[in-house]
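Think of it as A, B and C in the order they're written, each chain with its own count starting at 1.
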Amino acid sequence: MTTTTTSSWTKRHILSLETFTAEEYETLLETADSFREVLSRRTKKVPALQAQVVANLFFEPSTRTRSSFELAAKRLSADTLNFAGSSSSLTKGETILDTAKTYVAMGANILVIRHRQAGVPHTIAAEMDRLEGNVSVFNAGDGQHEHPSQALLDLFTLYQLLSPSSPHQFLQGKKIAIVGDILHSRVARSNLYSLTTMGATVHLAAPPTLLPREFQEFLGEKLVCHWQVEPALTDADFIMTLRLQKERMSEHLLPSLREYHQQFGITRDRVLLAHPHVKILHPGPVNRGVEISSDLMDDPELSLISQQVTSGVAVRMALLYLIGTSD
Amino acid sequence: MTTTTTSSWTKRHILSLETFTAEEYETLLETADSFREVLSRRTKKVPALQAQVVANLFFEPSTRTRSSFELAAKRLSADTLNFAGSSSSLTKGETILDTAKTYVAMGANILVIRHRQAGVPHTIAAEMDRLEGNVSVFNAGDGQHEHPSQALLDLFTLYQLLSPSSPHQFLQGKKIAIVGDILHSRVARSNLYSLTTMGATVHLAAPPTLLPREFQEFLGEKLVCHWQVEPALTDADFIMTLRLQKERMSEHLLPSLREYHQQFGITRDRVLLAHPHVKILHPGPVNRGVEISSDLMDDPELSLISQQVTSGVAVRMALLYLIGTSD
Amino acid sequence: MTTTTTSSWTKRHILSLETFTAEEYETLLETADSFREVLSRRTKKVPALQAQVVANLFFEPSTRTRSSFELAAKRLSADTLNFAGSSSSLTKGETILDTAKTYVAMGANILVIRHRQAGVPHTIAAEMDRLEGNVSVFNAGDGQHEHPSQALLDLFTLYQLLSPSSPHQFLQGKKIAIVGDILHSRVARSNLYSLTTMGATVHLAAPPTLLPREFQEFLGEKLVCHWQVEPALTDADFIMTLRLQKERMSEHLLPSLREYHQQFGITRDRVLLAHPHVKILHPGPVNRGVEISSDLMDDPELSLISQQVTSGVAVRMALLYLIGTSD
């Protein structure tokens, strides 16, 4: 572990990628890389956060994401506390902010927060700053707003694959297609910031109900919107598929899963439109045969899904380390 | 850590404060004080209970209390096992005693038990003593009976605030008001023992349905009952508010939350009746605007709620340490 | 810890006892014995699986079995991750195999799997072998098929009690009665393999609806079926009772719990038929007064139930150690 890369880190919280600078992405990638190296050793632990407490406050359930944060914290030698919304005292009338403050009063140094309402982590972070308790807040997904660590693990997965000599603008010249329910996806929103900042051009593809025309203005020339999948895939270097929430059907935003797959599903035929070395990403869990045909998902030549999960632990270690050791 | 203070400790179990002696309160306060000092260090762990197993058997759910016990155990280097009533084999027909014995047979040294029936921890402790397995039982709340560690963290919070030269009778001359559903509160019951033993005079205030006249005989001259809140608050040094269970309404013991707040809620006006340096405690989670007005709860000059949570970890470390290292 | 005993271990997975050899049983018993000795020390931990990750994937809930695996893993210094079916992403459309792969991609080295469908652990193990990731799968109960670690802890409990000079055929000449719902019991199925391989003769007793005539052909001369309990108990050295699932009543396989107890329940009168030193086992949790009368269960001269639970931790440590350190 080099510490030189982290001396410039100033963020106490990980809330949103909207304000991430190119330098911060670069520091994160280099730090994650060194943790990836730690994970390949026989002894996979470092004492970086020894005696610190990471509290996972998941007001919206997610076993796989909580496990990833939990393992990242344990490998930094932190202690972890888990709070799940369902078994909580929230049903007893306490506010979310009260719950957060309770865990801080117990000794939590980092609060990892998932909530289905956008902005909850920001509100808690603002209160923590006001109280000057040196507590960090880590947004693990807030409503349809952002999911920074998911986008950063996607970025790190590409970084590992491309293995550039420097992280600086390492996606320059790359075309990345993001396909699916853009409108409701916090993963897509976070990815737009990170991918374009690192130099990529992003092509979004979705039915008009899931990709309103206003989206085009979001990030200017680095962003292109399509209401058909084919132009987004053509010559793409990477295809990012998004998870389709089945609730969209009951909201009449989509006719049927079958029809969605016919129009926007990633199939072997459609992959032929892309760059010969194209790779496919998905934040998981996958609805097999909906967002992507089942055989593509299992094709190690095409799918980066497993690498994304592995990157998740390294990236979360890096982020916890950066916010947990900055002043 | 000094061990001299603990040489006199003889209790194997923490079941009730009814039998706690003044000396035991003093030992506990001094031990908690030294753990409070441990928690302020950079390395917050001590190896006191290394390789011991603390099993949290919560037959009644409580995330915040379980987390506090879990963190206390981890900071003593114990391993923890969590059992939650809902996912239990109790639904399969096993008795509570069988569950407790199973965890002991696995290797648990300390059973932390919460159950909505009064007396369950005592029954389990009696069986453990009969089996001579050197196992400790810790009552984390049994029905409407007792919640010793909550009362002890209240006591420790006052001890820290007053910072007396000795814990001996350190509440002598203090007036403490306890306001709310006294009848159903295990927290109030435990506090009556600890506060009066340490010298305080306790004034209880509640509607007659929640504070029967028989209560007066409970502890004699150290205890005064009121069916209005104002005389209890007048010149009080500390105000302890109790959580109001919403079930009380459906049981027709209370007309409405609004009316309760009007008659017994702690408001800024009512606080003016108390001693100028009065502080407010609440075991949490708070029903904001019911037991206490929301702005008082957030006023750091008045509220000790956050300190209570912090004290909870130190007090539970001390208690686990005392029972886990006695013979 | 001697390592000589384990040099011959070749199994990567613990899926079924059907293919266990006598040598493997002997290695397991000797390894569990050395861990039993570790557990009797003041410091109960060994660094054998340090930095390894054991993921408990319990698609079917079982608090006691999960706690036993969790404690075994912690005492080998492994990190643990818990996944419970109910809070899972399975409801989101992911396959079980996808879930398993996700935990492996995060870094899990051993997957402990419980599922109500027979064969799930085998399917996952086959996929893990195909992927050549050096991951072990441990069947913690699959449908009505097998529950290897339960049968092995039964075997180890008998081994400890009999304390033979060598584990070789140490049950030779012993009569063991297994009483209860044989047809649906994965515990019984696994025990048939282990007990007969180690030399015992096994007598099964159950109503015809729960013990079909075809069972007789299962293991030849080492196995005798009875549709009454008395001949099975006569001169038995050990009585293994099985848990009766209450669902059997609604499936019309049993008239009533009371009638079952009258016909097949282990009572003090029936125990008189057995060998004077007979001991009783039960995998737990017990339906008191159904499979066994309540007083027998609590009689330390007769019941091995508590020892079985203790053996469980040592046996699971041994199995995790053997599969976690083999190449």
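Just so we're on the same page, contacts are C-beta pairs under 8 Å (C-beta built on N, C-alpha and C of every residue); 3 or more make two chains touch, one makes a residue touch a chain.
Everything numeric in this text was worked out from a predicted model, so none of it was measured.
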item: Equivalent interface positions on subunit B and subunit C, same or different at half; value: different
item: Relative orientation of copies subunit A and subunit C, as a Cα rotation angle in degrees, nearest 5; value: 120
item: Subunit B-subunit C separation of Cα centroids, rounded to whole Å; value: 41
item: Two or more partner chains touched - positions in subunit B; value: 84
item: Residues of subunit B that touch subunit A when the two form their complex; value: 39, 42-45, 61-64, 67-68, 70-71, 74-75, 84, 86, 243, 246, 284-288, 290, 306-310, 312-313
item: Interface residues, subunit B side, partner subunit C - complex; value: 50-51, 53, 55, 79, 81, 83-84, 87-89, 92-95, 98-99, 101-103, 105-107
